[in-house]
Structures are given as C-alpha cells and as structure tokens.
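Two complexes, one shared chain (subunit A), two partners (subunit B, subunit C).
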Partner chain A sequence: MMESVLFQIAAALYVAGTALGFVFLYNRDERLSRWMFNLLAAGVVVHLASLGMRMKHFWEIPENRWYLPINSFFGALSAMTLAITATFVVVEGRHRLGIMGAFVLPWACAAAVGAVFRTHSVGSTEIHGLAPALQSYWMNIHPMVIMIAYAIFGNAFGVGLALLIQERQLKSKRPQELCYRLPSIEELDNLNYRLIAAGFPVLTVGIIMGGIWAHEAWGRFWGWDAKETWSLITALVYAVFLHQRLVAGWRGRKAVYTSMLGFACVVFTFIGVNFLSRLHGYLSAP
Partner chain B sequence: MRSIRFNIWLLCALILASAAGTFLPQVAEDPGRVETFIASHSLLGPALNSLGFFDLFHSRWFLALWALMVLDIAACKLMEFPSRDPEARPEDLEKMVRSRPLTAKFTAQDADKAFSGIRGLLAREGYKVRLLPTGTSPLAAAAEIHSPQAWGSFISHASLVVILAGCLVKWLFGFQEYVAAAEGSSARVTKRPGWELRVDSFKVERYADTGASKSFESKLTLMENNLPLTEKTIRVNSPLSVQGINFYQDSWGATGKWRSARLAWPDREFELTQGLPRTVPGTDTKLTADLFAADFGVTPEGHADNLTTEPTNPALRVKEEHRSGLSRTWWLLQLEPSRAFLEDADGRLQEVPPPPFKLAAVDPVLFSGIQVVYDPGYPLVLAGSLAWLAGMVVNFYLHRRKFLVVVIPETSRPARVLVGGWSSQGAVAFKKDFDQVVSRMREVLS
Partner chain C sequence: MELLLAGLNHKSGVPALARDNLAAVGAAEFLRRLREAGWEEAVVLSTCNRLEVYAVIEDAGQAKASLDALSRALESAAGSPLAGHLYLRSGFDAGRHLFAVASGLDSLVTGENEILGQVKTAYETAFTTGTTGKLTNIIFQRAIFVGRKARTDTGISAGQLSVASVAAALAERIFGSLTESSVLILGAGQMAEIAARHLLSAKPAKLQIANRTHERGVALAETLHAEAVRWEDFPSLLETADIVLASTGAPEPVLTRAMVEAALPARMGRSLFLIDIAMPRDIEDSVGDLDHVYLYTLKDLEGIVNENMSQRRKEIAAVEKLVDAKAREFAGWMAATRAGEQASLRHHPGRSLRRGEVGKQEERS
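Then we have the complex of A and B:
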C-alpha cells in the first residue's frame, strides 16, 4: 500500500516536472528549468523509495529473493519511467538542455501514469512469484539492459521531435520565440545521433544476453518469439539509421524520420507485443 | 551489391518479413491457427501458404535474405581491411589539410621550432604523432588518438558473419528433439540411437495465490544401451549436459493416468485406485473411478473433453452402482465441488446437482517434457556475439580523432602553419577540442 502511495507521489512529481518543462518552452526564466530538474530528482528519489518497498514485499516470496520486481506490467512500466527520467537527467542535465524536457519527459509521464492506471485496474501493484524460467541471475540483467536502451531511444525520439520543430521554425517566415530557445539543427542532429549510437550497442547487448539466457533455459539462442523478433526489428531499423547517417551521410529530417520509426518499434516491442508473445507477455502473466 | 542503397533495401526487406512473421500464425507455434487462417481466407491463405509465410522464419526465401546479408557484408566490409591513410605527396599536403572538416592556419617565425612545439603539444594531449616523409620541406606530421576505432565497424560486421555461421552449423549438424516421459517410465532419444531417458521422479510446486508453476524438476537417468550413463535432477535454467548434448526441462503435464483419488462425504473420506471397484463401507453402493481429465471441458456435442494437459480443472469419472440395479456415471470436478455432470450411455453429459460425495483430491501421474538439444554452432554464436559487443563498443564509444599539421617555411616571410582536424563522431564536441588545441598551439608559438 505504502509502495503504491509513494509511486503515485513520484508520478505526480514527474508530471509536475514535465509541466514545468512545457512552461519553460515559452518562458526564458532559468529557474523553471532548475525546478524541473529538482522535481525530477525528487521524483527519482521517491520512486527509488517506492521500489525499495516493492522489493521488500517481492522478496517475501522465497523464489523471488534477490531478483528485481519487473515480472509484471506495473513493474515494467515503473522501471521504464525511472530509466527514461534518469537518462534525461544525466544526458540533458549534463548538456544543460532543460528545454528538451517538454519533448522527452512526456514518455516518462505516460509510463508513470500508465503504471498508476494499471494499479487501479488490477487493484494491486502486481507482486507475484516468478515463473521458473525467470528465476535466473539474467532476470536482473537482461530486462534492465534492454530498458536502458529503450530509455536512451526515448530521449533520442524527443531530440528528433525538437529537430523537426526547429527545422520547421527556421523555414517559416515568422519563426516563433521557440526557434531561439531550441539548440541549433546541427546540435540536435548530433545529439540524436550520439544517443542512438550509445543506445544501439546497449540494445544489441541486451538482445544477445536474452539469447544466452534462452539457451540456458530452453536450449535455443533464438526462437523467433514475437518479442525477440520485434527486438531484432528495432535493432535493424536503428542499423538502417546508422548506415544512412555514417555511410550515406544522411542528416536532419530524413535521418530523424528513421530514428522515429525505430522508436515506434520500441513502443510496439514494449507494449504491443504483449498481445502476440507467449514468452514475454507482461499482460497475460499472473 | 556494394552500394549502401542495396544494403538498406536488404535491411528493410528483413524488417518487413520479420514483422509479417509475428502477425501471421506460424506452424511452429500453433498449427491449428494456421489451418483456421487458411480455411477462413480462401484466396490469401493458400497464396501465403505456397510462399511459405506460415513457416516464414524457416522458409527458403527468408534464409536467402540472410545469406544475401552475409554476402553483402563480405562484399562491403570484409574485403577491405581498415588501413592507414595513404601517404600523400608533399605537394598535395596543403590540399589534404584543406579537405579536413576543421581547419586552422597561422604563422610562425621559426618553422622547425614551431613544428617541434606542435608535435610536443599533440603528444602531451595523448595523440600518437607520426612524422610524414616529405624530405626537407614542408614539415608534416599526422597525429591520431583512439585509432582502434577504425577496426570497430570491421569487427562488428565480421562478427555478424560468425553469428550467422554458427546458426548454419546448428542447422547442418545440430538437432533438437522433444521427449516426453511419464514418471517412472522412459523414452528413446531418436536422434541418438542407443540412448534412452528415464524420468525417475517428477516434482512440481505451484504458487498458492495464482496456481502458476513455482518450480518443476525431473530426476533423470540417461541410459546408453540399457546401462545407466549418468543421472541428474534438472530444472529450468539448470540442464543436464552429456557429450555436448543438453537436456532441458521444458514442460510438464498430466498423462491421463492417476494413482489414487480421495472422495469425501461430510462425515468421512474414501480412497479409490484407477479401475478398481470399492464398496462404500456401511452401504450397498459400489464406486469405480476410471477416467481423469486434467483440464475438464465439455465439447459442443456434449461429451467430456480434456482441453490441455495442465491440471487446471481436474475432474474424475466415477461410476456409482447400487445393489438395486441403479447405476449412474458422474463427472466430479475437484475445484468446483458444487458442479457435477451425469454421463449417459452415449457419453453425453448433463449438468445436475452434485451427489453426496465430492472429489477431494487426485494424485495424477505426470509427464515431464524434455528438450534434447545438440547445438555445435553455439560456441560460434557466443564468440560472434562477444566480438559484436567488442566491435560496437570500439566503434561507437571510442572517438577516433586525427590532426594533420603542415608547416611550410617561407624564405622572406614567417612560416605558414596549417592544421586540419577530423573526428569519427561527435563533431560538435570535437570542434570545441579542435579550437582549444589550436589556441594552445598559438600559445606555444607565441
């Protein structure tokens, strides 16, 4: 119960931080940006406290001991929220790009609010015993690595969106205030590429780890399960992006469209595939 | 084949084909759904079937796409080892500097002193400095940092070929076989003549709140020509490995047989064994139980059915006979004691109020499903994966940077210093670094 309350507080802090991010788009007051980062940092702290309580309850089931509680849809959404926000604080905070909050944070908010709705719809934060196949040390590694990759791609999507808006502003005859607030096209393009170049190896390592785990559990590295296949599709789309960028020299809007398609694949792999996959179906798992 | 356009089209084709395979039913997963799909799509179904779309991931054209990918990688990447920049002729050096994305130029009074000062500065910055053979004039040096990055792309592409080669080795020389054996019985490993797998015991535990499996394990004895070769208790994530062949705990279920069942009245309990009639003490009623359904259901025709092998809705058929000649056949549901079915002579069921006794427990004979896998390609896949990881890290996390410095002495004027810079990525960050290094060069010269 306390875990749920803490998570709701964290979600509220994330939503408030995102709202400030939107206000900061149209208001130059730097304090708004600082407060946005402060609210997000507070959200992360409360979220971690909630996660700590969740782990305590989760570990009360002997089979779950020492494993991370991400075997449910709520757990996955919660971890995704944390990953996107933490990545944003690290990347955009480091580059002092508070202006990107309005483009990146809605994804963290969507995941957090989705998790809150999930709690209300199923009446709990879904603490269940792990299925036998999940009782492996890989449980703490493989999903987390994949989620970090997804979070990085979520940030890249926000940056790509900002690039499209900036390009439109620059082409328009009457650019708005926003045009002067956003980083240059070159900077956004470079950040988008760097995020994807950082996320792509992480994603592929996560996929390989999943293959090694599957080999240990069922004797096959690859089984063309829907989740596996869509992870591969996501990696291939980002591979197309990297080839377009590094070999064909694509920049700006054209490259961003491909990276956005990659993120659409990420979202489908995370949510949509639950309805197709037998092995990775969060929504069907008890 | 060596064009980037072909490469991208190939990736797109793989993306689309893979996506199609996740939306269309696949024979390997659910043959029944495939049949239903074909039957309900009179034109599209047979057309897709003839193109192998229902076993897409094993179809020839899909495998051919991957083979083409290997050829493409070989043609684009593996034919060309990363090499050092070609040596430029002294007269071309100035042009080479200008062709770099970042350039700077300034002057120095003493060409030799300037050249050695700049080389020293670049070395202190961590760059590996190499003098370019130019004779006496001009003075030229190339400096590079994180040079292994040049190998990253090559290694990662080569490792993909290794991974796919591992898959090919499994396909050609490996095998996978599903073996199911009930507790206390054995089953042959058909892919390995002479081998037999005996399930000495099987244990399953379930979570009380959800009923989902908590753990399941089989005590196995592997026999070779009827002699025990080895034994081990296997569970998910902990297989048995013998001579490169692995035995994985895959699944379990009810065989349809059972050892004992307990019937309960409000004041007593009564045990039955399969097929043996027993008279209820103190009465003239004789009970005989024979059939067990692990997942009881009723067909549209009204007959009893076992929907799956998982004991999610256990039910027992019990025949009740009285000395008076009255005889009734019941289906009793263990988890729903308030429901019961009467079976007539034709095997049709009718739901009726339950009899005075209920099914308290059944001890079913379970089977253990084991995957027998021989995968000689796995070490290649693993090695390729590790190489892929190394290649990716080197390619994307190391930033190779190059400086080209040319100092041109002039007879009546100060020497000209030309600096060119290039970075494998991070152009914005490199520009800052380039400007800083150039400004330090100027400081050194001043």
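Then we have the complex of A and C:
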C-alpha cells in the first residue's frame, strides 16, 4: 500500500517537474530549470524508496529472492520511468540543457502515469512469483541493460524532436523566441547522434545477453519470438541511422526521421509486443 | 540618511557645449571636486548619454538645499546654467531611478547592456576615490543585481538590434559556438566589412574574403587579419565554408543554386548558413529550399530587427514592475535602518554596525 502511495508521489513529482520544463520553454527564469531538476531528483529518491519497499514484498516469495521485480508490466514501466529520468538528469543536467525537459520528460511521465493506471486497473502492484525460466542472475542484468538502451533512445527522441522544431524555426526566416532558447542545430544533431551511438551498443549487448539467457533457459539462442524479432528490427533501424550518418552524411531532418522510426520500434517492442509474445509478455505473466 | 540624485540624460535637452564640458571633467575629477566641497559619500555616473550624481546626506530635511548645491556643482562644471534641464530626486525616487537606469529602461536603446557595465564602473571609480559609504555601497550593488535580474528574467535585452548582429546571432543558433566554423565573405565593400567584423567578434576558426577585384579583397583581408581568396575559387570553397556572407555590387546573383547543389555532397549534411545583404540580391532565392541550407536576406534580417525592437518595448512594463518592487524593498530596508538607528542610539549607542547584513540577505531573495 505504502509502496504505491510512494510511487504516486514520485509520479506526481515527475509530472510537476515536466510541467516546469514546459513553462521554462517560454519563460527564461533560470529558477524554473533548477526547480525542474530538483523535483526530478526528489522524484527519483521517492521512486527508489518505493522500489525498495516493492523489493521487500517481492522477496517475501522465496523463489524471487535477490531478483529485481521487473517481471510485471508495472515493474517494467516503473523501471523505464526511472531510467529515462535518470538519463535525463545525468546527460542534460550535466550539459545544462534544462530546456530539453519539455521534449524528453513527457516520455518518462507517460511511463509513470501508465504504471499508476496499471496498479489501478489490476488492483495491486502485481507481485507474483517468477516463472522458473526467469529465476536466473540474468533477470537482474538483461532487462536492465535493455531498459538503459531504451531510456537513451527516449532521450534521443526528445532531442530529435527539438531538432525538427529548431530546423523549422530557422527555415521559416521568422524565428520565434523559442529558437533562441533551444540549442543550435549542430549541437542538437550531435547530441542526437551521440545518444544513439551510445544506446546502440548497449542494446546490442542486451540482445546478445538475452540470447545467452535464452540458451540457458529455453535451450536455444534465437527463436523468432515477437520480442526477439522486434528488438532485432529496432537495432537494425538504429544501425541504419549510424551507418547513413557516418557514410552518407545523413543529418538534420532525414536523420531525425530515422531515429524516430527507431524509437517507434522501441515503443512497439516495449509495449505492443506484449500482445504478441508469450515468452516476453508482461501481460501474459501468470 | 538620504540618497540624492541630480542628473541629465539624452532627453534633457542640454546644449551640446555644456554636455561636452561635463563629459570632459570625468567622473573621478568630479568626485574629487565634490569631496573638496564637503560631500563625503557620492557616485558619479558619466556616459555619453548621461551624467548623474548620486550623493548621500545625513539629514533628510536638508534634501532640497543639498540638491540645489549639487545643481550648482554641475552648472559650474558645465559652464552654463542648467536650470530646467536637470532632474533632481531624493529618497525612494532617486533609488528607483538608479534601478531603472541599470535595467536599461532609461537608455536611448531600451535594454542595452552597456549601461550595466557603466554603472559598475561608476561605482568602482567612486570606491577607489574613497567617496563610497554604507548607503552607496549597498544601493549600487543592489542596482547591479536588479539590472542583471531584469535582463535574465525578462526579455528587455533580448534580441539583437542590428542586421549584422542578428546575422551573427542566427549563425550561433545553427552552429552553436562559431569557434570551429569557417566564414566566407563575398565582396569587400563597407557593408561586407561591418558584417565581417561582427562575425569576427564570435571568433570563427577561419575568415576568407573573395572579391572580384582581388586587390580590394586583399586590402580588407589585411585590415581584418583574414585570408583573401581568388574570386574564381569561391564556388569550391562552398564545400568547406559554414557561413557565407554575400555583399557584392553585382547586378545578377553570383551564388547560384547549381553551385550550392554541387557542393552539398561533400558537406556531408553539415548546415550551410547563407546571408545575402546585397541590393540587388547576390544569392538565388531557391537556394534556401535546399536541405541543410539556411538563407537569410537583408529583408529577412531587417524584419527580425524590427520584431526584436517591438518585443523589447513589450517587456518594459514587466521591468518597471520589477524595478518598483525592488525600489520599495530598498526603501523598506532604509526605513528599518533609520528606525533601528534611532532605537539603538537611544538604548545601545554602541550597537549600530550590523546592518549591512540586511542588504546581503535581500541579495539572495
């Protein structure tokens, strides 16, 4: 009970921080940006406290001991929220890019609010015993690595969105105030590229780890399960992005569209596939 | 304690000669004269558009007589009568005026930044001359804080007000810092030079000048410490240049879409910023439709300048509000100090020294 209250408080802090991020787009008061980061950091702390309580409950089931509670839809959304927000605080916070909050944080909020609704619709925070195949140290590694990759791609998506807006602003020849608040075209383009260049190897390693785990658990590396297939498609799209950028000089709009397609694949792999895959379905979990 | 102000600015209608005389005296000398005349605490703000004397007297009841004395000091420096031209203020009005000046509200160009530096210099000059005291220390530091706050919290100083500076600002919206960008100037006329100087202030990695008459290009390149290139070579330089500024007297466009299209593959998607400030136009209009190419003409840039000016005017009310609030805050502090002084004089004659801290606390709020 306390756990879901704490989670709701964390979600509210994320939403409030994101709202400040939107106000900061149009109001140059630096305090807004500072408070946005403060609220996000507070949200992360409360979120971790909630996660701690969840782990305590989760570990009360003997076979779950020492495994992360990420085998449910709620658990996955919660981890996703945490990963996107933490990536944002670390990457954009370090580069003093509070202005990117309005573009990146809505995805964290969507995941957080989705998780809150999920607890309401299933009436609990979905704690159940891990299926035997999931009782492996990989349970603590493979999903987290994939989540980190997704969170990086989520940040890249927000940056790409800002890049599209900035490009349109400058092409219009009548740039608005927003143009002067956003980072420059080249900075956004580089940030988008560097995020994807960082996320791609993480995703690849995560998928390979999944293969190894699948071999241990199910006796095969690759079985064209929907999640497996779609994660491969996601990786391929980002590979195309990196290749075209380095070889053909794809930048700006064209590059952003490719990376956005990649993120659409991420969202589908993360959520849509649950309806297709038995092995990877949070929804089909017992 | 009371703050007094006697001053004149660009709106005061003072004859040029008197203004020149005042400017020739200089802040430091003026302060020295004031001190000789018995003024212990004073700051002189002297710029090409204004001369203001801020002075402190102990007895607020003497304000009127003291302001008369200040005007006489100004008149003797100006060498002519200034009656009717000077503005004379005291207490709250004087403090509010200083805050408004520091915020750029009283400047010829609303929100200009130079005045804030000038307020700082005026204070520093007075400090080294030894004419600052408790009140001037606090109110000038406060004014600098308010001036900064006005510029960060409102758009009073936002947006450039000249074609060249707008172009430089847009270049930064595309490339970020220009320190790794290379600039190519087409033409070597006066407009080209002005714009080149603006771009140079952003310290680009390279600045090249191509002019049809090579010798004139070389001459301009020398004064700007830039590199002159042959006119025939400029189309191939489009492969490496980031910013191209065209300002030639050519009757037909010199930079065509075909030239840019030919250079694009080698650019690997890096943005190209084209600035056409020539009349008639130097760059074919359809170049702006190409991907990664941003074309701004003189008309576009002038449109942005006008837009920026009206945006600044819209911010005046917000800054007035800030200045009012901060001036009232300061007046409140003054009143508390005075009350405290009287109380402590009555009861604890020795305990009147800790009041500077109030100002510091306000600074953070």
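As a working rule, the second predicted complex is superposed on the first by the 285 of 286 C-alpha atoms of A that agree within 3 Å, B and C clash if a C-alpha of one lies under 4 Å from a C-alpha of the other, contacts with A are read in each partner's own complex, and residues count from 1 in each chain.
Please note the rule applied: a residue touches a chain if its C-beta (ideal position, glycine included) is under 8 Å from a C-beta of that chain, and two chains touch if they have at least 3 such contacts.
It should be emphasised that the depicted structure is a prediction, and the values quoted were computed from it without experimental measurement.
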Joint occupancy of subunit A by subunit B and subunit C, clash or fit: fit
Touched partner set for A:R174, first subunit B, second subunit C, both or neither: second
Broader residue contact with subunit A after superposition on the shared chain, subunit B or subunit C: B
A:F275 touches, of subunit B and subunit C: first, second, both or neither? neither
Touching partner for A:R194 - first (subunit B), second (subunit C), both, neither: first
Touching partner for A:G252 - first (subunit B), second (subunit C), both, neither: second
First, second, both or neither for A:W66, with subunit B first and subunit C second: neither
Touching partner for A:D29 - first (subunit B), second (subunit C), both, neither: second
Which superposed partner A:E186 touches (first subunit B, second subunit C, both, neither): both
Partner chain(s) touched by A:G211 [first = subunit B, second = subunit C, both, neither]: first
Smallest distance from any CA atom of subunit C to any CA atom of subunit B, in Å, after fitting: 6
Residues of subunit A contacting subunit B in one complex and subunit C in the other: 186-187, 248
For the subunit B and subunit A complex, residues of the former touching the latter: 4-5, 7-8, 11-12, 14-15, 18-19, 21-23, 26, 28-29, 57, 167, 176, 207, 209-216, 235-237, 239, 246, 248, 250, 371, 373, 375, 378, 381-382, 385, 388-389, 392-393, 396-397, 425-428
Subunit A partner contacts - residues on subunit C that touch it in the complex: 152-155, 158-159, 169-170, 172-176, 265, 267-271, 288, 291-292, 294, 296, 300, 303-304, 307, 311
Subunit A residues touching subunit B - in the complex, by the definition given at the top: 61, 63, 128-129, 131-133, 135-136, 186-187, 190, 193-194, 197-198, 200-201, 204-205, 208, 211-212, 215-222, 224, 226, 229-230, 232-233, 236-237, 239-240, 243-244, 247-248, 273, 276, 278, 286
Subunit A - residues contacting subunit C, complex: 28-30, 166, 169-171, 173-175, 177, 179-180, 182-187, 245, 248-255
